[in-house]
């Protein structure tokens, strides 16, 4: 696979950052966008724009078809059984709020328990916390082990007879741990527990197969998958999406509206209230095609090589401490440097054109557990090379120099 | 004002629809986008893209500043007192859901009443209906008069001692009635009632001044204001946004997260959970500039002329029946044609390149009241001309010919 | 021009004066259908006798010329047919609207075929296909006496 | 090069070995501040005596070199000043970080000014300005004994 060729498809890499080439190692935060996606947005607004599903004129019909085409592309990409299991949201955060909120309305009772893990992103904790406040449900935390991993045993240990939902990340945005979702789902379903997956970090990096994973819900961020901002996807098993109540109310999600009663649309409209992110949905079809054209197997292989290379490099660098050494790791390299705060590292790296993230990465529980308030995180995408990681390492050494460390 | 010049700024008008020039009369549904807005999206993704507020690297800092600049532009455009009174949402529908939901959590009690009108869009009814279901609040409907208007008296008549919220459209998307918001707010506040305005249809057409209107909340759809899809704005008075609980939970809206408790960010982050529609927010700044460059007074004048011209034209056309004859009318011309169903009209018009909308326009209550199931609606934007309305009228005559009517 | 094909005289006539409009007496099966985005709705009533013959059929509803004409023609053709024949006709119609240019049913006379073919112009108007098919989908539901409303949005 | 300006020796030294770290005894005013996006936090304690003099001041917290150095230098300079002087110094500092290249306060010796000026390199790093200002905003809160946590996200 020719990465330099692929990189050329991303216009941003023509830009200079502080007079340096951009080394973008912040894809776990949001990925850059290939030209095909940007062009599609441009083309749609310039030549085809109309609102979806609400008018019978030419542009509207065309836009509606394009919009629904993306739904089918997503269905195929994640191997969902039915296109109506795909709901477009404004982001993964909204997707997770939708699940927590509607399960809270119809399924969870006072005293019921939701099991999350210590490595969850705030987006997969705060929505459940809302139910803790409003419905008195309980939240339990499956522990991470010292490798920053959550093995199946730790999930099993934390289950009780009142556990009704397991809500977990597929791939940790800090330790990079890939959790054994299939096994967790098997275990959960054998006890009648619903499984909600935060797939934000896995979706850009792993082959997705909903029917194989068999989880009940799966949340995706399109902007981390070479797609536009302001778009996410909720996969939900049809039986759940049919059974649960709607989340937001408004135009497009109703069947019959009277002064004293309202009935709701069938799927998928039921969960898509109001004017949706039409242009973004339509452009996301190109993001999927872009990934498919390269091939997810090749993407996985390339990124595996990068992460292994990066791990090795940073392990050799004394005073760098890698966070997490999970059995299966993907996408991210989080670390601390003895004597230099992550924000200072990020600032110094930025001067060299290297974009990483510093902070708690929306995982305060995890950082508390590690006994630190912040970490530095380099994360990779399809456009990164080993050279980028060499530059990262060199720039870390520059930090040490500036801070008078050896 | 040179409309043909302005029209040239919208690339879509270079397209042919069934070999005809596009006559776009569906702006109340969603407006077309000027080149400056499309280009801004393109430029942002191509040269500046990064996630907002989460990293300290160059691109992220720049994106964050751009994002916050739009907040300030919006603040100024609608004359809000404080930039933190501007919350970005995925659309007006989400904005209205946010208000209903959070008022429901903290403010409304069983038996409390919300007053809406018979001309509300489903997006300003269904979210309150949810509270009717979950909290046993009551929804009252202020009646429209025979002109399709809701005069102040009709609001006043419908108030009771238990009315806690008035939630109404500023401009009806069917009758075009412009409601006396300032007077309604005065009345409401004198009785301690919260005023929530659905400003979807007014925002593209009227001068907005939050401090003058003095309403408590105001919801806006950016895609109807020459802006990108997937973006809306909630204006809320600071005291309310500070007092009410958050709506969605996730990254970016928290202060401190512990296993047993969570505290939330201050405004505006408190209501902006997860990765926001970054590119859309940044591009919307250009939509505002575009409107400001023309000048809202000129836009209002031009559109007033169009609506008056269109009304006259259609009134002269026998068998066309205009819906609504309100005192102050803006933006839309809804009508029926004796003997031809609105969908058939829309299909025949479309063949001539004329895009209108047919249906209930998300206002079933209003259509029930009018005793019809659907209507045809032509709506205008800054790019429309009297010629467009002549073509509309001619094409309606063609419908009559096809249907063998005179 | 396509519009002429869509709005043929016979369609306009059926649209204006639909047959079998109303609620037939003694119906033993029924179903409702609606199209939430445009507000069209239809209610199909039918009387299926012991021999599985459609003794009577009628509909109530409101909608565009296409949907009214389609319901009118449908009820006209289905009346008197037995269940198996009816299902073949339905399948034939839905196939025609979607892709097939020809009707295959042996249960229709040439005259009946001509009537049905009038609706084939809809094929070129994707957004209007659901107007034409709503009553037919609702009829399928009525045969099954389904509770859930038919919804042509999917 | 700007980085050298940002990370001057004196900043690194204060960052590594901050002065007045800990919880001073007998404090009578305090406030907490945090920066939710990066996780920095600070807790300022101070003892303001009857004559409105800052008898003692200290801080707890964790953060980057800039924020630690800033808190360290701040406590160093504020200790012993009276309330009015302290407020002038705060204003001067915040002004410098935002736009003014010069310090105006008459309450600082040249030495003290030099110390404070070390932090002026932050100006060129907009995302880091809040690291430098967090402790100062928190100090303002402490003087007012405000309950609400300071939040530098706005």
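Order of writing sets the chain letters: A, B, C and D. Residues in each chain are counted from 1.
Rule of thumb we're sticking to: contacts are C-beta pairs under 8 Å (C-beta built on N, C-alpha and C of every residue); 3 or more make two chains touch, one makes a residue touch a chain.
Just so it is clear, the model here is predicted, and its values are computed rather than measured.
Asks: According to the touch definition, list the chains common to the neighbour sets of subunit A and subunit C.
Replies: Both-contact set = B.
Asks: Please state whether B-D or A-D has more C-beta contact pairs across its interface.
Replies: By number of C-beta pairs in contact, A-D is the larger.
Asks: Averaging only over C-alpha atoms, locate the centres of subunit A and subunit B and give their separation in whole Å.
Replies: 31
Asks: So the centre of each chain is just the mean of its C-alpha atoms; given that, what is the distance between subunit B and subunit D in Å?
Replies: A distance of 46 Å separates the two centres.
Asks: So how far apart, in whole Å, are subunit C and subunit D when each is placed at the average of its C-alpha atoms?
Replies: 78
Asks: With chain centres defined as C-alpha means, what is the inter-centre distance between subunit A and subunit D in Å?
Replies: Roughly 37 Å, centre to centre.
Asks: Show the residues in subunit A shared as contacts by 2 or more other chains, in ascending order.
Replies: 54, 56, 60, 252, 254, 256, 343, 347, 358-359, 364
Asks: If I count partner chains per residue in subunit C, which residues reach a count of at least 2?
Replies: Residues 37-38, 125, 127-128.
Asks: What does subunit C use to touch subunit B in their complex?
Replies: Touch list, subunit C to subunit B: 1-4, 6-7, 12, 15-16, 37-41, 62-66, 68, 125, 127-128, 131.
Asks: Which part of subunit A faces subunit B closely enough to touch in the complex?
Replies: 11-12, 14-15, 17-18, 22, 26, 29-30, 32-33, 35, 37-38, 41-42, 45-51, 54-60, 90-94, 96-97, 105, 121-123, 125-127, 129-130, 134, 139, 141, 221, 223, 228-232, 248-254, 256-259, 262, 273-280, 343, 346-347, 349-350, 353-359, 362, 364-365, 368
Asks: Could you pull out which subunit B residues touch subunit C in their complex?
Replies: Its residues touching subunit C are 339-344, 347-348, 351, 358-360, 364, 367, 373-374, 402-404.
Asks: Spell out the part of subunit B that touches subunit D in their complex, as residue ranges.
Replies: Contacts found on subunit B: 53-54, 56, 60-61, 64-65, 84, 252, 254-256, 263, 265-269.
Asks: Going by the contact rule set out above, which residues of subunit C touch subunit A in the complex?
Replies: Subunit C reaches subunit A through residues 34, 36-38, 125-128, 149, 151, 153-154.
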